[in-house]
Structures are given as C-alpha cells and as structure tokens.
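Take this structure first; my questions come after.
Which chain is which? They are A, B and C, in the order written, and residues in each are numbered from 1.
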Amino acid sequence: MSRPWNELSRPIEGYFLEDFEPDRVFHHATPRTITAGDVSLYIALTGARHPLHCSEPLARSVGYPACPVDDFLLFNIAFGKTVPDVSYNAVANLGYADVRFRAPVYAGDTITCESRVIGVKENSSGKNGVVYVTSTAMNQQGVEVLGWDRWVMVAKRPGARTPPTVIPPLTDEVPATEYNVSRSLQIAAMDHEHTGSARLWDDYAPGDVIDHPGGMTVEESDHMLATRLYQNNARVHFDAHLAQGNQFRRRLVYGGHVISLCRALSFDGLENAFAVTAIHAGTHAHPTFAGDTLYCRHVVTAREALPRRRDVGALRLRMLGVKNLDPRELPALGADEKHPAVVLDLDYSVLIARRQNP
Amino acid sequence: MSRPWNELSRPIEGYFLEDFEPDRVFHHATPRTITAGDVSLYIALTGARHPLHCSEPLARSVGYPACPVDDFLLFNIAFGKTVPDVSYNAVANLGYADVRFRAPVYAGDTITCESRVIGVKENSSGKNGVVYVTSTAMNQQGVEVLGWDRWVMVAKRPGARTPPTVIPPLTDEVPATEYNVSRSLQIAAMDHEHTGSARLWDDYAPGDVIDHPGGMTVEESDHMLATRLYQNNARVHFDAHLAQGNQFRRRLVYGGHVISLCRALSFDGLENAFAVTAIHAGTHAHPTFAGDTLYCRHVVTAREALPRRRDVGALRLRMLGVKNLDPRELPALGADEKHPAVVLDLDYSVLIARRQNP
Amino acid sequence: MSRPWNELSRPIEGYFLEDFEPDRVFHHATPRTITAGDVSLYIALTGARHPLHCSEPLARSVGYPACPVDDFLLFNIAFGKTVPDVSYNAVANLGYADVRFRAPVYAGDTITCESRVIGVKENSSGKNGVVYVTSTAMNQQGVEVLGWDRWVMVAKRPGARTPPTVIPPLTDEVPATEYNVSRSLQIAAMDHEHTGSARLWDDYAPGDVIDHPGGMTVEESDHMLATRLYQNNARVHFDAHLAQGNQFRRRLVYGGHVISLCRALSFDGLENAFAVTAIHAGTHAHPTFAGDTLYCRHVVTAREALPRRRDVGALRLRMLGVKNLDPRELPALGADEKHPAVVLDLDYSVLIARRQNP
C-alpha cells in the first residue's frame, strides 16, 4: 500500500464541496445483501401492496425467478450507500435525472454502488455549492441494476478552494425505447384478481387525474426506521438535538421515504402498474416533517408503447406528493407550477399490462 | 374478456353498503408469501415469546416441519387481505364468529383469501348498515388454513339502494370435536424448560382468573407498522388529517393488533398454550388509541377434552383486553357485562399439553 | 414427574431477591432461531453499517461461512432470554463483567441460554438487594457463543428471608490472550473500499479520542421495538401507565439498545473494527428516555497484539454514550470519573485488521 491510509479513507466528518473534483469516483462502502427481512420491513414501513413483490408463486407465474424487490426499496438502499460519501454534509437534495431501473433485483442479491462526480458549482454565498454525481448500483454479478444522476447542495469548509465550475449536461427524459423489459416477462398471464383491478394500459389516457384515496401520517419512528434500513446516515433525519439549530428546528423526513409512501398509496388506482422503469426528473419541493399526512395525486402525461411488446406498455406519470391536504382539493397544476402543499413532484414511467385482444 | 374492465375492478374509493349483495364473492388481491421477515417483525411488534414460533429445532422436535407461524400473525395477514374489499369504508368492526384455525402455516407459504357476503342489513339511519361475510384463507396448495365470519358496519353512498335484508345464522361456538389437531403433533415431547412453566391443561379450572402482569403502551408508529405489515389499508388507522373529522379526532388502533398484544402479554401465566384453535365470538368493546396502555385478564371458562387425544387438551378462555387499568383492579364481569376499561372481549380456545401419567 | 408442577414453573409475577440462592441454575425459556428478519430489523433499529454483517459475498471472502450476526444483536437476544427469570423485578441493571464473545453466530442458528446465581446481597433498606449471575448462551450444537457476568438490583417480597450474603469474585478484564479469533478468518483479504476506510489497528494509539459525528434521537417506538425483538419483557421499558409511579414517571430505554446505537454511531471513525471480542466492564451511568439524543465518544485505552496473529489485533476502548450534548463539548474524563451527560461507560475490546507490510 503505497498511498497513505488517510487518503484512502472517508473523513470522519464526511466530504465537503471542495472534495468533489469532477471525475472523482467514490466506491461506496457497505455492500448489502437484500433479504426477506428487508422486504417485510418495506411492507411494514410503506404499506406496499403490489402482489408481484410479495407472492412468490405469482412472481414465478409471470416469468420472474422469484419476487422482484420493490423498485423503490432498491432505489432507497442504493441511494443510501451514496449518502456517507456524497451527501453527509448536504444542505438540500436538489433533483434527480436519468434514473434507470435496468434489471430486477431479488432477495439474496448483493448491491454495491459507486458514484462519479460530473459537475460542481460554488454558490454565490461562498458557503456551499452544488455537486452533480452519476451513480450506479450493481448486483453481485457486476450487472448494473440501477443508475441515476443527482444533484445536491453541499456545505463548504470555511476558506476552502472549490474546483472550477463544471455544469454537466442533464437529460430531461429517458427514452421509452430504452426501458428495460425482461424478455421472459409474461405479465399478461397475471389474473386481475391478484391486483383487484382490470384497469390496464389501454384504460388510462394523457390528462387523466387520479387522486388516490389513502393518506399516511408520518411519525418520527417511521421515517427513521426506514432511513436506517437504507443505511442512509444523513444527520438531518436523525438528530433532534442538532436540528434545534437548523431553520426548521426539527428533523426532516428522508425524501425517498416520501416517494415510497406515495408509490404505496397509489396502488389504489394504479393497481397494475407493476414496475417503475425510469424517473425522468424529480424534485423534493418542500420538506416533510413527522406529523404530516401524505397524500398522492397522479397525472397521466403520456401512454408509451414499447418496442416489440404488445403485452406491456408504459405510462408516463406525474406523481405529486401532497401534505395535509386532500388531493381532491388541489388545483390542476401547470407543468412547472408549484403549490405549497406539494412536497414531491416526480416525472416517471411505470410498466403496465396491455389488454390482450382475443 | 367479454365483461367491461370496470366491473372487474375494485372501485378506487372502495365498496359501499349497496355493493354487498348476498352471495357475492370477493377474491381478495395481494396474495402473500409469509417470510422469516414477517415472523421477526411480529415478535418486534408484539413481544411474543412462545418458543414454538421462534425455535426451529423445538418445532421439529414436537412434529412440525418448521416453526408454525403465530396464529394471530396469520389471522391479521388474512384479515388484512379482506379490508380493501370488505371494510375500506367500514364505520366499525362489529364482531367475529366461527373462526377456525384449520392448519398450521409456515414461512414460505403463500396465503390467498376470499369472502362471500352472507348477510346485509341497512340501519334505520339510512346512512350505513351491517355487512356479514364469511372469509376463507388458503395456502398455495389450496388447503384452507383459516376461516371466519365477521360483521362490520359499512357506509352507504347517498341515495343508493340497499339489497333486501338478510340476517345470516351465526354460530355461537366452534365445537371442540371440530378443533384441528395435527396427528403428527407430539407436544408432550416438549420440555417445560422451553416455556419456563410446567403448568398444563390439568392445572387450570373453569373460573380461574389470570391477571397477566405485563402492560404494553401503544405508540402510533407501533400500530401503524403492524397494520401496514398486514397490508390492511383501512384509513382510520393511518390518516391523522382525515381523523380530525371523526368522533374521536384521532387515529384508531387496529383491533387485531390489540388481540396480538393481549395474546403476547398472556404468555406469563399461559406459557404452554401453544396454539389458538378457534374464536367462538369476539367484540372490540371500545376503541384503543396511541398512548393507551394495554393489559390482559384471562378467565378460564371450560376445560375441553379432545377426541382421541390424551396428550393435548383445550382451554376455553375469555380474553379481556383492558386499557389504562391494572387488571387486578378490574371487577369480576358477568358473561355479557361491559366495563369502560375493557376494549376487547374474546371467547376463544387454545391448545395446551396435558400431564402424562407415567 | 415427581416434583409438583409449580416448583418447575416461573412465578407469573417473576422471581424476587429471596429466590436467588447461590448456585441455583435457570434454564431460560424461549430458545430462538435467529433469522434474516432479525438482522434486517437490527439494521433498521440501529443504522448499523458494518459490511460483514450485511454482505454475504464479503463475509465469505474473509473466511466466514455466511454473515456473522452483529455481536450486540446476539448479546441483546441472549440477554433478553435471561430477563424473565433474572430481572423481571429488577430495580436497576448495575454492571457487567467478563463478557466474552466466544464464537460467531449466523442466521439459522438457535440460541438457548442459562444462568447460575453466583452471589446475592440484601441492601440495608431491606427492600431489595443485588443478585449476581453468570450467564451462558449456546448455539444448537451446544457450543458456547457468549458468556457474561452481570449484577442487578432486584426487589424483595415484603418480609421474605434473603439467602446469606455471597459476594462473588469478579474479573476486571478479559485477557487479550483469551480473545476468540477464528483460525479461518482472513480479514486482511477485505478491501478498504467495503468500509470506506483504510484506518487500521496501526493507526490508533492509546489516548486517541474519537468523537463520532452522528447523533440518534430515540423514540418510544424505537426502543420498544428493539426490546421486544429481543423478547426482553422488563416492564420498565413498556408500561407507561405503571411508570407513572416510578421516580422518573416514564418508561426507560433498555440499556442494550443504547449500547447498540453507540456501536452503530461509531462506525464513522472505527470503520474497520469488525467484531466485539470482550466487554471487560460496563455500567449504565444514567437512564435514557425517549426524546433523548445519543452521541458516542471512544477513547482508545490500549492496542492489544494477539497471539499467533499478525493480521488482526485488538483495540481496547472506552465507549462513552453521551446524551443531549455534542461529544466534542464533553471534557476529558478520568478513569472512574462521571459526567451528567454520560449514560453509558463501557470498557471493551474490538478486533481490527493490522496493516500488512509487503
């Protein structure tokens, strides 16, 4: 080992803005074997009810070797791996792009993750700046299962010198032609009884608004359990003593938990949307705190046909996470329009079976 | 598919009173493979300590192929399957009858569930009514593992027409001759050390009162985690924002969680009661809220011998779930007598080893 | 069975001081098969991030047959087994000595536990006294995996006669020559990327102070879930109604949960300390309550070489659990010095890889 040990080690206090030189690569710590225990906890934390993630016989009957892990469980575990390096000293999580779910993951798979810095820009205050990273999660065979770009506001050490500004090109959508759909998947074999709904791809149209009826009040224990399950150690979620000094004077709910809750709530109305295939863009518009009740509205923005598949299509959706307001009371929002009750605004696509004509 | 898709789909807002025509059958969604993760969570949520449910070598030593799942974990998962169809718009859960635990369930088994409407009766208010259903849970081989009747008060859509009144016959007990006891079970082989008690069937007598010493304070996170684990999506347990409009102005604890906690508390005093075999009747007498502390009293109402078994018998018990009151301060209650501190009144039977005379 | 059943049974209300005759042996109830569900819950409850406990391929690459269970998960489960017999009527948990982690434990192993009374001493008040026990946890092959001595203040029944005073000899350290290190362990094969740090045995020195940056606020649900997972039924952790009558007027957090949280927080700074090998001594100096935020300071007290191992050494550490105070604001404390913010003071040793010179 010729390099000194400290250069090979994450600083105990985490990395700061000036550490994020473009092209620097972080091989994140704590590879993780996903287990049936994680899957049960995810159900208990979110109330997720899609049967493909909890019925082994059903998963096998449509061509999977076992239950695929819920996409957002994978996302949150993979994201959690990046936090100690990328966002331990984050001020805010600004956005996502080019999130691609590339292969299903099963209990027993082991996830590792790495990130490359693709951009950095100091803010005019000189106290912090924006870091852009592209991250990749792989299974134990080295197969990429998830990739995403993300930008985050990170604190700077006083007086440190920031690398020259690099603003990376960011995609604003993942093309439907590039969605991953397994060749062995035979989703048309699934009886509608298993989801309780025969509403399929054909039954949704751009402009459709679905105000999901459920609401979920978030407790401190709930979001901390979820965030620890993901081994995400960002202090802002856990440390009430420290939080007395922040602008909100309390802990913030991890944004990935908000996404997971909205996805789970949306089962009533999107029962057959069995997989998330891409997140085109997304922002956490406002913070969520313990005691808030989350609701979800979906707006269908496109119905996407997929190459060489007549049995499955995609729906492009706008997921609006709404807090402390019945979503039926939320006005229609323009594409970039904000609303004080909207905490999450996600542009993403899901896979859903198409009706088979006899 | 000749019928229109919407007739095959659960309405997003759930079913209402007028949808429950007698003999209508609901094949409930979300089949569920029970896993070791569910079993661990059940222990963490309830503190259950019966060793048959958590020691694989012990379970095998008495004739099971693996640890049978705790009976109330099965009950709550099966019950949870019925909620989106039967009680999403429930006003109150009124009672149970003819609950039969017909076969043990193991981690790896997949549970599906269906219900048939056996009765309906509009209330005089015209705003709601009582729905009676008989429900059946099956494993992946189609073997019925649990069956139960239940009645529940369900809201009516304004102006809707209710089906004609049908009041079903309801049993007031499951005969002991019909309890399921596996032929391969050799419970007498279990050393008393594993439960910490040599108190057996022979040592209990009708009229015995057992005030279990433990108490369990329920937090919002606890009951919501449990209820989500069961994929029970009844809004009254989760949505504090909506609950501001109900008579209690807060979330209610799912009654099945109350039963599970009382069963777990009763281990100290009923250490060798290794299985629940039937619930003859039961009511949730008062609601439980976060912050309440639950205690449990049992009254032995009968000692039941079983056909062709000298090694195992049954105890018929009255389980009283008591809140915020040391059960030793609870007076003796007549058969149908109510008490403001009693939230749960369950007439059920458990299996327990008999003393073997050498 | 010649002895009466009640002598073979734990009293429903638990044992009291006068029941602890020296040399009495308790074979604790509820053997427990540890599962992947327990491991997931432990991560969710503590935020533990050491990769050996959550990456199967990594564990195998360094010579384990599978992921070893986190040492404090094992400790807490084993300790929990003893509570119904030893400390159900405990007033306070006074101290630990001679805690030895003798063999790794894996998901699928079944833990049983027994304790022998090694001392007893009535307090001058006559209301309670100190019980000393030595406890042993075994796996399903009868191999001792963990042993420890512990003393605890236990209530006396009014008027009962206490056995004559016996004060046992207690060790004040486990010799490093007796630490268990598996011959098949090849920890040097582990790439530093997996922990995010190349800080090894060689890089720590006696006197080093590490103030770990993370903090964890404890909620009632969190500590109760953890304590129930361990099947520890001490009422003081669960029963808010009863707690109104104690000196603190609220529930106390189980001390083992405090240890687990401090161990998890210390990953940032002790990333390569992959196993706990012994606890020499330890005390819970003050109680922890829901709402408290826990931090951790470690002081390195010795660097211990191990017989016949050049690849792995031990660090002897003083773990200080600190509440509601940034540990950087904690003064240096003398060996027996107390501080009102210090809730936990543990003298223990961890295993950590040594640098390999090429």
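In the analysis below, contacts are C-beta pairs under 8 Å (C-beta built on N, C-alpha and C of every residue); 3 or more make two chains touch, one makes a residue touch a chain.
All of these numbers come straight from a predicted model, not from anything done at the bench.
Undergrad: So what angle, to the nearest 5 degrees, turns chain A so that its CA atoms land on those of chain B?
TA: 120
Undergrad: Same or different: do the copies chain A and chain C touch each other through matching residue numbers, with over half of them shared?
TA: different
Undergrad: Rounded to the nearest whole Å, what is the centre-to-centre distance of chain A and chain C, using the mean of the C-alpha atoms as each centre?
TA: The mean C-alpha positions of chain A and chain C differ by 36 Å.
Undergrad: Indicate the residues of chain B shared as contacts by at least two other chains.
TA: Answer for chain B, listing residues that touch two or more other chains: 35-38, 40-41, 219-221, 225.
Undergrad: Of all residues in chain B, which touch chain A in the complex?
TA: Those in contact with chain A are residues 1, 5-6, 8-10, 12-14, 27-33, 35-38, 40-41, 84-85, 108, 110, 140, 219-221, 224-226, 228-229, 231, 233, 235, 238-242, 251.
Undergrad: Spell out the part of chain A that touches chain B in their complex, as residue ranges.
TA: 35-41, 43-47, 49-51, 54-58, 67, 192-200, 203, 210, 212-217, 219-222, 225, 268-269, 271, 291, 293, 324-326, 355, 358
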